[in-house]
Each structure stands twice: as structure tokens, then as C-alpha cells.
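Residue numbering begins at 1 within each chain, and the chains themselves are lettered A, B, C and D in the order written.
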């Protein structure tokens, strides 16, 4: 959603965010070898190089092309090569074969990034100069809104760059380590016990207010609308590896009665026996992490499960997943705090002991909800090609809420709707349980 | 949902419904040749013979096996051969290959049906005798509930028998006609114009009341719950062939911007250019019907479109589909009237002229809604194997509401939820438009 | 190959063969239920009804259409529906979906057969009358040649009708029995031991002589040509079930080193663990036969193996398969004798004890050779559409020689070349071993 | 085939060949960027890096591991990662996903190569020292034979490295150029006309003599055996682009009657309309080459056609392909001359004018023969794991003879048998016509 930002007061902030976001993307690559930039095991996991290029393409296509004076594209074929799915912009290079683009080289893409970053800065400098004179200029408001959209777009791709890389590294029997050393995480002396927090029935306001220009939102979070929520209770923390191991070892992956029909078909077809990245050796569970192969820590939240596994686990527990509205109801009273990209853990942490409160709402892991990704009542996509950003995916996917250990903190909010197909497992996705009252 | 029926007053009615339902199923086959009973073009379209057997299997497996004294299965392997998807009952013969079962023969299946019908009648006769003596016996209440479930189950398969047969006949270049002569339909002198009826915002009661034992419902319609509906307006009738032809001829099937992303992939992959069964010859549109190849009548409602086509058409019209709650809000004030299986038209009719009212809510065509098929708040599936009836399909499908020209009138109600995958086109599915206020 | 038959002397014989062939095809169906005529589990196994129609189509398309006065096709769409693969005739109904043609009914196809049989007889009667007057008429010679081709074509389809039916019946867990009672086979008191017969190096004449009009041959058997054969030795009989069981139980299906690379891929992909139709129960091997499920008899020849299995078995034995030229070298000194369709065993028999001689060359089982199906030096296909009969299949298939328990004796000869893909198992195919000297 | 080389006289020669082969492989990579080393569009086209590693793996696995004192593998997992298809050595990393191995890096693989090259040189130095003392030592003979096998193996991979790279570069819409500048080829003033050279019937000796230790051969070229060849005539040169364009433009790709049945299916399935790498723009034909996109030169031989296209073209010309024995019969009287890898053209040249002689037998393009790849009479694969080199592929492939513009001259000989599946087009494969006399 394109906020109507106020240029005079916000321009400086946007410039700062823009540059720090561009820098962070590049910093995420610093431990990589040139060979690592082009891995793509499946259509869904784009190469690092492609992410670097596409996030620049976004600024070039939706901003520089329209606002920059005497605009020249960096390369005449980049519009085609690095378009993800915007049909209104034009045809796209075939997605599953992005790994076949050895050229442009990594060096050329870094040069492309630099040129785009410079051009956007130059445009913003000009825009700032002009907007001092004419503070209410619609021109600048729209431009700034698009740049903020581009920043959030790039933040999404930072997360994808990492989750895709993890999946692609995992295909290599050498199990490359992204991190040069293991992150040191705080460990609780005692694991937090599962407890249930109750919420009463309520007619709730859900979604982001279109007229509130003070914070960014995607169009899929709007408009704000009323939704009736029945009373429910929710688990105080995410499901842990220990709990999930019990599910596995008590036959959860063989008990068809726990699974949705499509989930059971997926399980059989893909031969799921445990979360993605897990394997058992000499009676112990291990998993692949950004730090190579490691022992599974029982107290940490279970990650890399599909919606189907989350649902089957909940069924086995006599519980269910939250609806996205229930999740938002809880989250709107909380600060956005937890373990994020900034903490450089690159894996979810165990919960703090907080007494009787709902923890781990943000950071750590995206939480599968039972809600299909659908338009809110009155939903209108953005005008123009950027209208393809969200709306056209509103079928067959499920909403995840929260954010993960590889999301930027500044990217998240209680109205944020993430979405993936129910069989997706390569995101940092976990399980939070709920029950009817 | 298994109603707690009261045996004393309702037993006679159930016996009557049971027998008339069993007879109707068989009557639907009377124009068929023996060779027609085993056609199956795709996994989704089961052979007529299989429908005849499976609806008997249902009574045998869920009722006779548990309630009939000295029960003996008709054939030891029928439990396996005619189980559709009930994992709790046991393994199932592979669904896409039901057409490979030349044995048991059609004659044997009719004998199977007769024996099952007799055994159920005998059981009900005994049950009635006993229940006179002891009117509140739980035994009978549960038994009668299961029989009512079996009746509704068989009604669903009557519809599937016909829609599957239509699809399977269509594969034959001789285009067999199911009907010996064309049905004579009333034709309006003037087509009904599209008009919009408004409904205000409202906190609505949605779904069927679990405690109301006076009418049957499936478990997926329960429990009744509150849902907030924003104000909206709805089209007074279904979209017509004429309107849909305009969509086609103005390039609707080439305009990616109208389609959901998954819809556009489906369209390209399956090369959709028009509704299922349609083709153009010498500038005129024709379609395959139960009466062979016929000209498309402009005033009749467009049928055999997928959810994706319905959505794209609505987008093209600057409109949208109804949510299932909006549909139910409208329907609950209407009687169940329209063109049903009983009218023996086997194709949807044009709307009556009714002035400013919402017509064609029931009969004619199932109406795709924008709602994913999900559990209602507080939903609990039935206990035991029949719990697999509905709940396990609550992912990746969309809800259709209303009923069609091949549904039994007695099978429908305003809380009824039908569901199919969004690319399904072989059902009698149509389009009703809505808009935000 | 179209023999130049001499009408005067041969007409009567052709009429007799034609009628007895047509009758035999129909007699093969007499134990079937109507439902059985339309089974098709895979593209390769056509329905019985389709075989009945296609063999009539052949006479209609290649003979009646060109020679019958005032020819009218039986049905305008049969040319399309029952064309197998003759592109020069026109398009073909899609092969894997022949089972979807419930209409024309079985009764209509029998009527079609009768009309075609009558029309051919009438044509031959006229032709005979004319040819008495003018014995050397080219007209009649070509006509009779085509009819003889049609007879041999129908004999091939008699065999396919049975092998296809066996495969299709096998899909049904009820395991229908084609035979009303088990055939009574002679059983040897003692099984024949494996022995090796030697043949010296030789420049051989291979194939059928184009100028010899005294017997029918297909074009793929011509022209006769010289081929140098190195000295070799050959097993006196086919490989038995007992020997093959030893291969299985000593790990032949797990020993990749015995298999061709493509064979090993096929084995893994299709999960072969034994010949088609075999399974083990309580330590005993059983297989599906035309008489239902039966115990595997150790002394009988092993059937229903692919080329890949035959090759791996031979490798395991330190042997190899014969080339087709070696096979022909042996066979040309033998009569065509063995167990054929006429004996109504419908399964291969154990060898007679014959002392030091090569037995089981004909009948029982087709014998996989190591020869790819390729054109002989100087090969020319027949002119016109019938030229598609054989030539266009000369890639990727392997030659089988001999004939089987479901081949007609009159159909076979030492130059006959049968051919199937190397992974085919549903024919009556077996193994004969050879070694270099 | 492992020659029994005589170490004393040949050791120096082998050392020289070994080192120059290793150097050439690396020289072929000098124009590549690091990003180019890991491209793999289909399972058949391995990454450059994989070829570099696998050719070192071959020496390590079959030679150093067995002959080098105190052998230590370079890396414990390379045996698994760089094994192509030798089941006797162990499991293999999944072939279609070799592009997912970003690690080991390109630099590490060059180090691996260097270490292996050094170790083999050291082994040969020791071996030479020892063999002076004991010239007939079986030890050295076998070792040298294996090293010669490894040299020829590496030469094969040099060719594959280039053909795979061409295919992989072609996927990139930027069409990277492997060459920094176009090769300057001699061009004939006048194109050579098609003429036919006759050869009489003959009992020929085919294949390589096992007992001749003077030159290397693969096991699939042995044993030498007699083969009877009928008289035939052969085209004096390869089919040209100009001739092939006529085939295209006269509808060769729409004329099913010209094609083998499997060929026609392949053509339709893959939508072939011209040779691989060709496209038409503004009425002119272009193709992708190692020098980027270039105009198709009419006089040059047509390349990158499948066996099926070669066969259809020949059929259209009223001709056929040579058998591999016919080809060998012609070639054995010729020197190995033509345009090879050493000439650095990287594309086939037009024929010299030579009067009435068969030209272009070697170099330029591999020539599809009509011969299936089968074992020669008496064929025995090498003992041990290297026995998997050739024998296990003897099904479903066709023999190509000659050599191409990217083959090393020293790698070729008249008995050499190359083989690919009939739908393969990414090799430098062309067409030579023949006819029966």
C-alpha cells in the first residue's frame, strides 16, 4: 500500500532507510563465494544474484523509469531478465531457470546495484530540493510512497535471499556453512511450560487504516474492517522441537486421520518424515542450519514445517491453529520484539520466561494460521503494475503472521500478512496452538 | 451432521425418503447402455456403476455392519473396491482406475443395491417395532441419523453421477445423448436485465444450529456463529451466456491482468478459451449438453466455468463474487425454488421476470463464492469414520452455494456448503456478481 | 509384404482363411461379459471392442473403400475412431482413451463386423467370377494380397486381444478368469535339462525372398540378404520358472551390474521385483493367468519378462541372448510346431524331452533377441498407407522371434519378426540363452 | 579397451600425452568467468566444473587409489560427488543437480586437478624407473593401459565440456560468446556438388583387433569380426544448411510420412521446427554459435540435428543413412583429417573440393548412422568397474561415426563408435546420405 507520506518531514528518513536497506542486502552476501550466487534448486528458490538484481530492477522499473530525467536503462534486457511476475511490465525470463544466467556476472550486478542506488539518491535529492518549495506536491508524495514500497520490497527479498540460500546450500552433501562461526544465543535455565491465555468474544477491528499516513502497509492489509471473533485461548509460546519430536515418534507421520486430505497426499508424495532439514543419526535428531549440521535443541521452536504439518500437529494435540484475525487481535497489544535479522542469530530462539503472557509473537518464526489468503472486504489493489504485488496471489495460499529470525524488525507490524502455499517448508515457519473456549 | 431425529414421528418419513432416493438413483440410469456404466475420463469422474455401488457401500459399511443382526457383507472385497476415501475404514482401490473394474457386472451391482435396500428396510422395520416400545432409545436415534446421512450422501452422488457422465460422454466424438428428447423449457419473452439489490452492514448469524433437530445438515455447516458482513449489492440474476460471450470476444481469455496468478497458469496450462463443453463453428457458439450438441442460448446462465473464470469475469465487470456469508445472508430469506433434478431439464434455465428481487439463488447453477472452504469457528467433525466426510477437505477448495439443475430440491438449504477445487469445471457451476456498497 | 498370389488356384483358400479368421476372433470373446469389452489400463492395451472394430476397419479402409462397387462406409466416423496409427488415412482418436468409447456398443460392433465380413465375401465372390475369365488380372492379385495382409493383421490382433485382456483383467482385485476351466496340459515325468547345441560360423541367407509368391510375409522380413554369423551355441529349451526364481532369490533384481543402464532405470522406476503377474505369498510364488491366480510351476518356461530382465538373467548366467539372425539360422531347419492358440492352453508348456535338439522354438513364448528392430539391407516398405504397417517403428524396439501360446500356428514362420519396446512385459515373452563358441 | 602397451618404448609418449591433455582441458576454460563453470540446463549437460573434476576423479579412482603408494583421497566426498555412473565404485550424486554444487569452488577444483596431475606424473616416474629394470612387468602394462584410457576419457569430456557449455549458454537471452573473436575459416569459391560414390558387396572385417597393441581402442570396438555388406553408394560430402533449409521450407517438419513413429512423437512433443539453435528473423535463418548469434551459411554442413531429423531428411531425399559398418568400410581407407578441436574453429567447415572422393569423414560433424548401438559378436566388457564404461549403454542409442570440429584429432579412428539417444541434438551431429545400389 502506498502511504501518502509527507515529504517535508519524512524525506530524510526515507533516504536513510533506503541506503541502509541497500547496504544490508549487500552485507548479507559478504561470506559468499562467487559460485554461491547462482544456486537454484527449485523454481521457488531464486539465486542470490537474482535477488540482488531484481530488487534493483524494482526501483528502476517502477521509479527511475517514470521519475528520473533522461532515464536510460542500465541494460536493455534487464527489464526482461529480472522481472519476477509483473505481466503489465512485460514478459519474464522463465522462473525455474534463473540459475542459467551466468551473465551478467556477480560483479556486473553489484555495479548495477550501485548505479541504481546512486540514481535513486540523486532523484531524492532533487525531489527534496523541489519539495521544499512546494511541500504538498502530489508528485513527490507518490514518488516517496513508491520508494518506501521499494524498501519494503527489498526487505522481503533479504529474507528470501537467506531462506532460498539455506535451501540451496542444503542440496550440497558438503553442507556449506553460511556463518563463519556459530551465533551465541542466550539459553534459559528452564524451558517455558506451555500455558493457555484466554481471549473473549469480540467484534474486532482488523487490518490497517487506509487513511493513516503515519506508517507503511501493503495493500493486502487494507481496508480496516470489522470482524467478529469468538472466544478462544492461545498457547503462550511456539511449539518446541521436543514437542514435535514426540509427535514424530508417536507416529504422527503415519496417522492419516490427523491430516487434511491434501496434506496427506503431499506427505506421501514428498515422503515427509520430519521437518525440512532434519535427519536422525544414531538415535539423535540433527538439522541443517546456517551454521552447517547441528543437533536439534529440544527447547527451541520447531521450524520449517508446512501448513499441513502444523495442522496435523495441532490436531494431534486436540488443538487448532489461530485464524489470522485471532492472531492480530493478540498482536495488536504487543510491541514488535523478538529475535530478528538484526540479531544475526539466523535461527529461532527459545522463549523468555515471562509468566502468564503470550510470547514469541514476532521474530523467531512465521506462524501458520488457519486462514486462506483472501481479500479483505472492500479490498482494492494498488493502481498500475504494482497492483500485481499482492492481489493476484489471493487463492490457494495460507496466511502466516508474525515474522522470523531472518525478517527485519522494521518490516513487521501486527497487520502484516505473509502468505505461502500450504506445502511450503523452506521458510522459517512454525506452529502456535489455539483452542476454542 | 447427524441430526438427533425423533424416531417415533419421523421413522415413516425416513423409510419413504430412503426408498424414493434409492429408486431415483436407478431411474437416472434407465437410458444407459451397459457399456456406458464404466466410463471414467479422469480421476474426478467416477463411473456410473461405481456411484451405484458406493452409495450402497455407504449403507453397508456405516449402518448394516454395525446395526444389522448376523450381518454378512454382500462380497468380501466390496469394502475395499467401493470405499471412496475413508481411511478409517481401510485401504481403497485406486481412484483413477475405477473404470478397470468390469466385474462386478452392472447386473451384479443392481443386485447388490437391491440386497442393501432390502436389508436397510428390514432394519428400519425392526427398529420401528422396537422404538414403539421404547421411544427414546438412543440406538434408534443414531441409526436414523446415519440413514438420513446416507440419503443425503446418495443425493450428492446422483448429481455426481450425472455431471461425471456428461464429462465422460463428452470424450466420445459421437457425442452420445443422455436424453431421448430435448426437454421443453419455458422461455421468457424478454430477458431479465441485470439489476443490483443492496444489503446493509450487519452482524449476521451464519451456519446451522446444532441443537435444531428438525432438519438435516452436514457437520461442515455447523456451528452457527456470528459473522460481520459489510454492506454490499448483488446481481438480481446469474451471468448469462450472452454476457460471457462478450467477455470471450473482448479478449477476456488473453488479458492476464484480469486473472488470479494461479488462474492464469491454469488457463494457459489447460488452454481454456471458453467454458467447458463450448466450441465455435461458423461464427456460432455450440456446447455439449445432455441432449447432444446444441446452440448456446444467450439468455441462459453460463455454466461449466471454473472459479478462476468466474473471478476473471467479475474482475472484467468491475465486480466481484459474493462471499459465502453474503450469499447465505440473501438466501435465508428465500424459499428453495428453481429448476432442479426433479424438473428433468438437466440444464439451467433463464430467470423468471420478478421485478426487483434476487432470483436464481437455488437450482440452475451452483454459484462460486470468493470464500475458501474452511472450518467454521468451533467446528467439530462427526465422530468415527464418517468424520472424514467433510472436514479433511478444508484446504485449497472454494465454496459454492445454491444448487443446480441436477440437484434434488430436498437436498438443498441456505446453509448448505458445496466445495470444489478452483479449476473444476465439470460441475454445473455459474457466476453471480456482487459489489461493495 | 503383399504377395503376388495367383487368384485362380488360391482364391478358395483365401476365402476359407478369411472366414475362419473372422470367426476365431469372435469365438475368443464368447466367455466375456459386455462390461469386459472396454477395459484399457494403459495406452498399449486396447479394449477388446476396439480390436474387434479395428480389424474390420482394416478391411473397410484398405480394401472395401477401394475395390467394392458403390462402397458406403458403415459409419462416417469409424474411419477416425478405429484408425490405429495410419497418418496417411487421417487423424486418429487418441490412443490412451479408447476405453472412453462406450458407443458404438458391443452389439453394434458385432454388426459392423458382420457387414464387413459379408462385403468382403461378396467382393471375393465377384472377383473369383471375374478372375476365371481373366486369370492374370493385376486387379485381383493386388486385392487378394491385401486380403491376405488383412488376415494376418487380424491374427496379430487376436493375440493382442488376449494379451491386452490379461493385463486389463489383472488390474481388478477380483482377478477375473477368462477360462471357465483350467486347461489340462501334458506334464513331463522329468524336466528337460539345460543343454547346449553348437552352430558353426556361416555366411547365412536371412529374411524372406521377395520373389517367392508361395507364402505370405510382412515387408519387414524382406529382402533376403546375406549375413555373417559367428559360431555360437544355444540352449536346447527356454529358461524355466525354477531357474528364474533362483535368479530372483539370489538377488538378481538388486544387482545393478547385471543390468543395462536403461534397464536398471526401468527396474527402479517401475519397482520390478519379479516377472509381471507374479507375487509371493507364504513363501510360494503365484501368478495371474487366464485361469485366475495359480501356483507358478517350476518346469514351465518363465513368461512376461522384459528385454531388460531377459538380458540381466542371461548376464547372470554368463550367457547372452541370441541375435535374430542366429535364431533364424536355427529355426529354418525346424517345423512350426509347439503350443499355439489352437491348443487352447493360453499358457506356455514345459518342453518335450527330445534328446539333443533345440526345442520350443515356436509356440509357448516369444523369445527376446539382442537385435534392435532395424530395416534389413535394401528394405522397402509397401506402397501407400499400408507402408506405415511396419517400417515406421524401426527404432528403439527389440526383435522377438518364434511365437507364443496365443499365436495362431498359421501366422508364424522362421523369418517372422515381432518387435516390442524393451520394457514391455505384457506379451508372452520369454528367454532363450546363447553363448559364443 | 585397455591396450597392452609396451612400457619401455611408450612411457615417454604417454607422459607427454597425459600432460598435454590435462593442459588442453584447462586451456578450454580460459575465456570463462567463474559464474560460467556451474551451468546445467538439463541432466545431460554437466557443468564445466563437473567435467574438470570428474576427469580428475577418473585418474584418482581407477589409478591412484590402486597404484599410488600411501594414497590419500584429495577429499573424502569427491568419490561420491564426481562419480558419473559407476555403480561398482559406489553411489553417485544426482546427475540433474550437479549445478547445485557451488562448493568445491572453481579454485578448489583447479587445485584438485593439479594435485591429481602431479600424483599421476609421480606414479609414472616411479613406474618408468621400475620398468627399466623389469620391462615386461604386468604391473606397468596395466597401469599404462589405464592411463591411456584416462587420457581418452578426458578427451571425450573436452568435447562434452564444449557441447554442454554451448547448450547452457544458449539458455541465456544475452547469448554469451565463448570466443573472443570469430574464427577465420577458409571459404571455397564454389560449393561442392553432391555426388555419389559406389562401393560393392563385400564380406568385411569390422572393428578393432584385440591383439593389436599398437593403438588404443575402447572395448566397444572389439572384437574384430566379419560382416557382410551389400553394395551401396554414399554421398561425397555432408548435407549442407542450404539443402536442409529446403527440407524445412518444403514442409519436412509437417510431413509425418517422412518420420519414424517415435521421431514424429519427439518432434511434436518438443515442437521441433528446425535444427537446435536455429531461428528465423526477417526471412533469414540465424543460429547460436560459440561466437554468439550468426547468420546460417548455406554451404556449411547442417549440425545439431537428431537421429530422427537425419532419418526424415534422408527419407525426403529418397535416400537413407549409412550403417556403421558401411561407414567404417569407407573410412578405413582414409586418413583422419578434417577440422578438429585443434583448428579452433568450433564449428563445421564446408568441404574442400576434392573431385570424386568421399570427404568430411572425420572432423566437422559426427554422422548419425542407422545402426543401433549393440555389442559386436563376442564382445566382452573390460573387467572391473571400468567395464561400466561402454557396455551397459548398449540399448536404445544410435551409433555416430567420424568425429567433430570439437573432437581432438588424436582421439579418432575408423573403428571409433560414438553413441547418443536418437533425440539428442546438442552434439555436433550431422547427416551423410547413402543409397542402395
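Operating definition for what follows: contacts are C-beta pairs under 8 Å (C-beta built on N, C-alpha and C of every residue); 3 or more make two chains touch, one makes a residue touch a chain.
Quick caveat, the model's predicted, so the values are computed rather than measured.
K.L.:
Where the contacts of chain A and chain D overlap, which chains show up?
P.N.:
Where chain A and chain D might share a partner, there is none at all.
K.L.:
With over half of the numbers shared counting as same, classify the chain B/chain C interface as same or different.
P.N.:
Since more than half of the residue numbers are used by both chains, the interface counts as same.
K.L.:
Where the centre means the average of the CA atoms, what chain is farthest from chain C?
P.N.:
So the chain farthest away from chain C turns out to be A.
K.L.:
With chain centres taken as the means of their Cα atoms, state the distance from chain C to chain D in Å.
P.N.:
So the centroids are 39 Å from each other.
K.L.:
On a C-alpha centroid basis, what's the spacing between chain A and chain C, in Å?
P.N.:
Whole-Å distance between the two chain centres: 61.
K.L.:
Can you check how far apart chain B and chain C are, centre to centre, with Cα atoms defining each centre and the answer in Å?
P.N.:
48
K.L.:
Out of chain A, which residues touch more than one other chain, so two or more?
P.N.:
Not one residue in chain A touches at least two other chains.
K.L.:
Can you list every touching chain pair?
P.N.:
A-B, A-D, B-C, C-D
K.L.:
Going by the contact rule at the top, pick out the chain C residues touching chain B in the complex.
P.N.:
For this pair, the touching residues of chain C are 33-39, 41, 49, 77, 80-81, 93, 97, 99-106, 168-169, 171-174, 176.
K.L.:
State the interface residues of chain B toward chain A in the complex, per the touch definition above.
P.N.:
The touching residues are 85, 87-88, 201, 203, 225-228, 230, 256-257, 259-264, 307-308, 311, 320, 323, 370-372, 374-375, 377-378, 388, 392-396, 398, 422, 436.
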